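Some notes on the structure that comes next.
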Amino acid sequence: MDRAVVDHRSDEFAQLLPRIAPLLKQVFGTKDGHIVVFSGSGTGAWESAMVNTLKQGDCVLSVANGHFGAGFGLSGRRLGFEVQEIVVPWGAEVPADLIEDRLKADKNGVIKAVLVVHNETSTGVTSDIGAVRRAMDAAGHDALLIVDAVSSLASMPFEFDEWGVDVALCGSQKGLMLPPGQAYLCASARALEASKTGGSPRNYFEWGNQLRENITGKFPYTPNTLMLFGLREALIMLVEEEGLDNVYARHRRMAGGVWAAVEAWGLKFMCQKPRFRSTTVTTVMTPEGIKGADLLARTRNRFNLVLGTGIGDSAAKAFRMGHLGALNELEVIGMVAGVEMALHEMGAPVKLGSGVAAAEEHFSAS
Amino acid sequence: MDRAVVDHRSDEFAQLLPRIAPLLKQVFGTKDGHIVVFSGSGTGAWESAMVNTLKQGDCVLSVANGHFGAGFGLSGRRLGFEVQEIVVPWGAEVPADLIEDRLKADKNGVIKAVLVVHNETSTGVTSDIGAVRRAMDAAGHDALLIVDAVSSLASMPFEFDEWGVDVALCGSQKGLMLPPGQAYLCASARALEASKTGGSPRNYFEWGNQLRENITGKFPYTPNTLMLFGLREALIMLVEEEGLDNVYARHRRMAGGVWAAVEAWGLKFMCQKPRFRSTTVTTVMTPEGIKGADLLARTRNRFNLVLGTGIGDSAAKAFRMGHLGALNELEVIGMVAGVEMALHEMGAPVKLGSGVAAAEEHFSAS
Amino acid sequence: MDRAVVDHRSDEFAQLLPRIAPLLKQVFGTKDGHIVVFSGSGTGAWESAMVNTLKQGDCVLSVANGHFGAGFGLSGRRLGFEVQEIVVPWGAEVPADLIEDRLKADKNGVIKAVLVVHNETSTGVTSDIGAVRRAMDAAGHDALLIVDAVSSLASMPFEFDEWGVDVALCGSQKGLMLPPGQAYLCASARALEASKTGGSPRNYFEWGNQLRENITGKFPYTPNTLMLFGLREALIMLVEEEGLDNVYARHRRMAGGVWAAVEAWGLKFMCQKPRFRSTTVTTVMTPEGIKGADLLARTRNRFNLVLGTGIGDSAAKAFRMGHLGALNELEVIGMVAGVEMALHEMGAPVKLGSGVAAAEEHFSAS
Amino acid sequence: MDRAVVDHRSDEFAQLLPRIAPLLKQVFGTKDGHIVVFSGSGTGAWESAMVNTLKQGDCVLSVANGHFGAGFGLSGRRLGFEVQEIVVPWGAEVPADLIEDRLKADKNGVIKAVLVVHNETSTGVTSDIGAVRRAMDAAGHDALLIVDAVSSLASMPFEFDEWGVDVALCGSQKGLMLPPGQAYLCASARALEASKTGGSPRNYFEWGNQLRENITGKFPYTPNTLMLFGLREALIMLVEEEGLDNVYARHRRMAGGVWAAVEAWGLKFMCQKPRFRSTTVTTVMTPEGIKGADLLARTRNRFNLVLGTGIGDSAAKAFRMGHLGALNELEVIGMVAGVEMALHEMGAPVKLGSGVAAAEEHFSAS
């Protein structure tokens, strides 16, 4: 990315997107999905997903099982949609059964879309999107399935086609290892059709213009050119050099080391059920008497280790350990060591070396 | 900008905006205007300006004196506003008198905003925004004045306060010399008030959230962090090191060299009146029998010189010479030389050295 | 350093050296020493130190307590000097008493210089240069004291003036945290005088030309301009931002963590006496039955951890853990963890977590 | 080059030299020559060429037809060789006939090497090295032919094998378009043989160690690793992407534009005969009454154009226009324009536009 800006009307630039799109499709797990790229963030991508596929006033069903799930619904409300919300405790996965109940109850087909977050960054919970699709099918409901994949894509398997996703969306700054500033969507044929014939008033986030210009590798208005060079490189590294299966296995391996350490410390995961633990971020409840903010301040000031704050309701009593992107075993161990030293120094009953030893056993066994 | 991404919740990051905002205000020419920053482009900034200040269905008066003026109105229409358009020939400036007539005729105050482009990139025409304000005042009309300053800001004087502008907007990739991907708005107290109590359904481009978080240097959702480091550096270079008056004078000086060459060649400017010629871009009509696209292909292939295409209606019979950003006399002369060699080789009655000699006389005399 | 090359005859360039030299003097621990800069390596700096101060055929006394000590003497022999060598076992410090004996025996003053390595990178031994000076004084001998500070300078205290060093030399790629390619010398008044009136045939490494041009910030022939920008930045970071005392304390702290781990594993240091252990590199003897090369291959292949090979005689049965430059506790722990996992996997009696726990106790206690 | 430093003992690093050496051989024009790489400058390369092939006290014949030719001889004298010098006026080419005379007169074979500069940067003269070889052969003398190719290599043809060169040497910062800091030599079988059995006392610049380690892609002591990455990229651009013949043709074309301008201005070349004009640098005599330093100050201060100073004897009455490396027609025209504006403003009888028109005619005709 560290290069001179090229003219986004030039031939050199026009060769970027035809190289990027097929790789991005592999990451989304789609054969026929349509890729759309915007300057913006995940929040912008939420908006693009909704205003293209839904009419203002349309009803959507949104699941709040954490900060970002709640935010997705709230942004829908602000954009003029009627939002029905399923609220479950933080730490729970997206409840496919409750979605099925709600959709079955919606005899008149009022609900036009279901909004869910694949990997809830605030709680460290990865939900089963295939199960959501099966629930929708079981209800015989034709709402669109819109999935936030911001902190999952390119770090764990995403199966757009197999799961019957209609719109999936992502930002540049997580699994794609780029600076923030760009957002990516993948739209199904059905979602695209909805955007052609309906949707809400929109301009910047409109898909049709983008897709029309993208055919020749161009954009209807100035894109973030440098980020596209970075994206091409990141995709080549992930898809062609390391291989997506290896990338996903590496994330599972790294996460396993973190989980072993948390268990060795005797601390609780915010994620309620082990099988929904996220392989990209682990949210841990602080021990009795220790505030999350104090722990973060200590790891940062003493060990230059920046952990994630608890977000929203859990800010005071949780902290987050991220483990996605370019990361290896020794970096995971360094993070684990920083946390265990800080906890020890703050008087928590955490034995020095205990978490690291557990992580090492995990890594050495495999 | 070529640096590691910092956590946008860190203290280091929080020091950026308090340094940037006062400098950006100087560039906008405002004391009390409110600065808002988004990941996006000028097109996104158009949208942000409208959805915050106008209700869907509101009527706006838009001036189409070129490609971007027409696009500004069109984007309003797509976003659900009723757009009244004043269409003048390409090459004309924004007609303050026609605006005054329209506003006077709008007895019931149906028109809520006037949309104009300060520097029309397609035609090379800089309009007099002060005159537009005077026309609005003369009509005794209270519409908001929304100004696209994408290709003028930081290259020529912009007087937000003095001209009574309500919203001005800009992108990162022109006078601010950054890669594309970020947009900046300046909102008057009146525009901000309108956004608080009204506006259209919106989320990503909403001002209130941004301004609330910006108080402590933060953002409601992930910003383009690296671009903000670049912006700080660019503003320091422009405002503190070179000085805005010197930057504007330099642009006038560079433009003067280009104009002298065009006159020496005997070619016509698309800009109808010399006093409205833009100091950042010059749109030139190609000689009889020469297509713009052929000229551009020749300068690019033979001399690695990328000129701007004619845009929209004028694509075939015009070309554009950009002269903004980090640029000096010898680079202007290189561009002039490339054009005159290409024209000469294509059989146009352009004497080799004639344009350069005129530019050199302009530069040497001052 | 990542910037356009500047003309090394320009005023901008001429401001570099006057900023660099005083900072570099602080790092060398000198008030009046003369700084000389070359494109080259530590090997080139050895040569520069000798050919400026010694006549071909002159006799020097060199101490071989490791690979680089031996190499220093060997290079002297190749350059035409007569080299008397004191050879001690690898792992021993420079023996001040033996130096004193030799100098006392040199009644006729045949020996013109004593060559020693401050921090022997191959064995992880830091010798006491002050003690060497005291031994020379006790012998009443006027040989010059020439010290290789390649892997000590800017990481541990160096007291050029206090220790009575005549020439100290260093490269760019260790404590100064730059890429390899540049070498620095500090010469005493006496050494400089010797170079003016004597020395060997020389040209590239000659001091006089350099010092004469350096007065105005220039060089007699093209220097490595970009490296000088990097050097300025590195020195500002070390001397002005972190502070040399803090830099040295940080290195002692990091080394302490490594030593605690090695002791917890029950492995032997190559350095014979704990008080001479180097705070920049630790050379460890591999456990019975494990080859250094196999250990290195394993840490590299499984954990992307590049340890130093044993060098020279100790290649097969030792490995080196570097801990200098920009480094913090968690990086040290990552290195320790990689070593202990690899040793454990290779069947050594090393308990997972043992070394890290010891390092954490060291770090947490201070 | 803008990348993390790699371990120079790693496999990744070991792949650099086997890629670089064959490309560098093509640039030197050799099949069997031996490539040696050092951190250093052209001055260091002079030294390396001499100390490896000549015994101290040996006699060399050196040609001073400019600053660097004189310097080459002077450095030989400083290194302990006896230097016989042929001095010709600045602006003259290397006189093959005088070399022949001297060698013929050297009945006893006292002269061991002939030192010449291929492209004399101070005067803008490219000499005919093939003619020098023919002169040596005509004299039946077996001295080695050592050629400084610092400002010619990779910009104009160099035929090491065909011209019977024994040692050619170059730095990184000219035609190879890298920052300064590295030097390259090419040695014939005969030169290498001389180094094995003779030469002067030496260590840093010794060839044998280098070549032995280079077999496996390694170096005997820390090389400038980042520069080698840059060198690989530069060689790929020159040899594989653009092609050496195209690179040489481009330099001839650029030089032709400069020469046309100088002739249009009516100024004199320092190079006496047109066929020896250098295609990488043109040294021009200033008009009556204008000092070189004043001209340079004016182009730099008014147009940000850095010309080369006259060097040595010609400093006051000449200036140098460089035209090598990554350069195109419009950059040449910018340089020409800057010079002609400055000359005009200083009262020289130079018509604005005259030089540029001549350069444009040159470029447009071809």
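In this document, chain identifiers A, B, C and D correspond to the written order of the chains, with residue numbering beginning at 1 in each.
Note that a residue touches a chain if its C-beta (ideal position, glycine included) is under 8 Å from a C-beta of that chain, and two chains touch if they have at least 3 such contacts.
Predicted model only: the values in this text are computed from it and were never measured.
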{"item": "Contact-graph separation of chain B and chain C, given in steps at minimum", "value": "2"}
{"item": "Co-neighbours of chain D and chain C - touch as defined", "value": "none"}
{"item": "Angle of the C-alpha superposing rotation, chain A to chain D, to the nearest 5 degrees", "value": "180"}
{"item": "Chain centre separation (chain A, chain D; CA means) in Å", "value": "57"}
{"item": "Distance between the centres, which are taken as Cα means, of chain B and chain A, whole angstrom", "value": "36"}
{"item": "Centre-to-centre distance between chain C and chain A (centres being mean Cα positions), rounded to whole Å", "value": "48"}
{"item": "Where chain C touches two or more other chains, by residue", "value": "2"}
{"item": "Pairwise chain contacts under the document criterion", "value": "A-B, A-C, B-D, C-D"}
{"item": "Complex contact set, residues of chain B against chain A", "value": "2, 5, 7-10, 38-44, 46-47, 56, 75, 78-80, 171, 173, 179-182, 200-206, 220-227, 306, 309"}
{"item": "Contact footprint of chain B on chain D as seen in their complex", "value": "302-305, 328-331, 333-335, 337-338, 340-341, 344-345, 351-354, 356-358, 360-361, 363-364"}
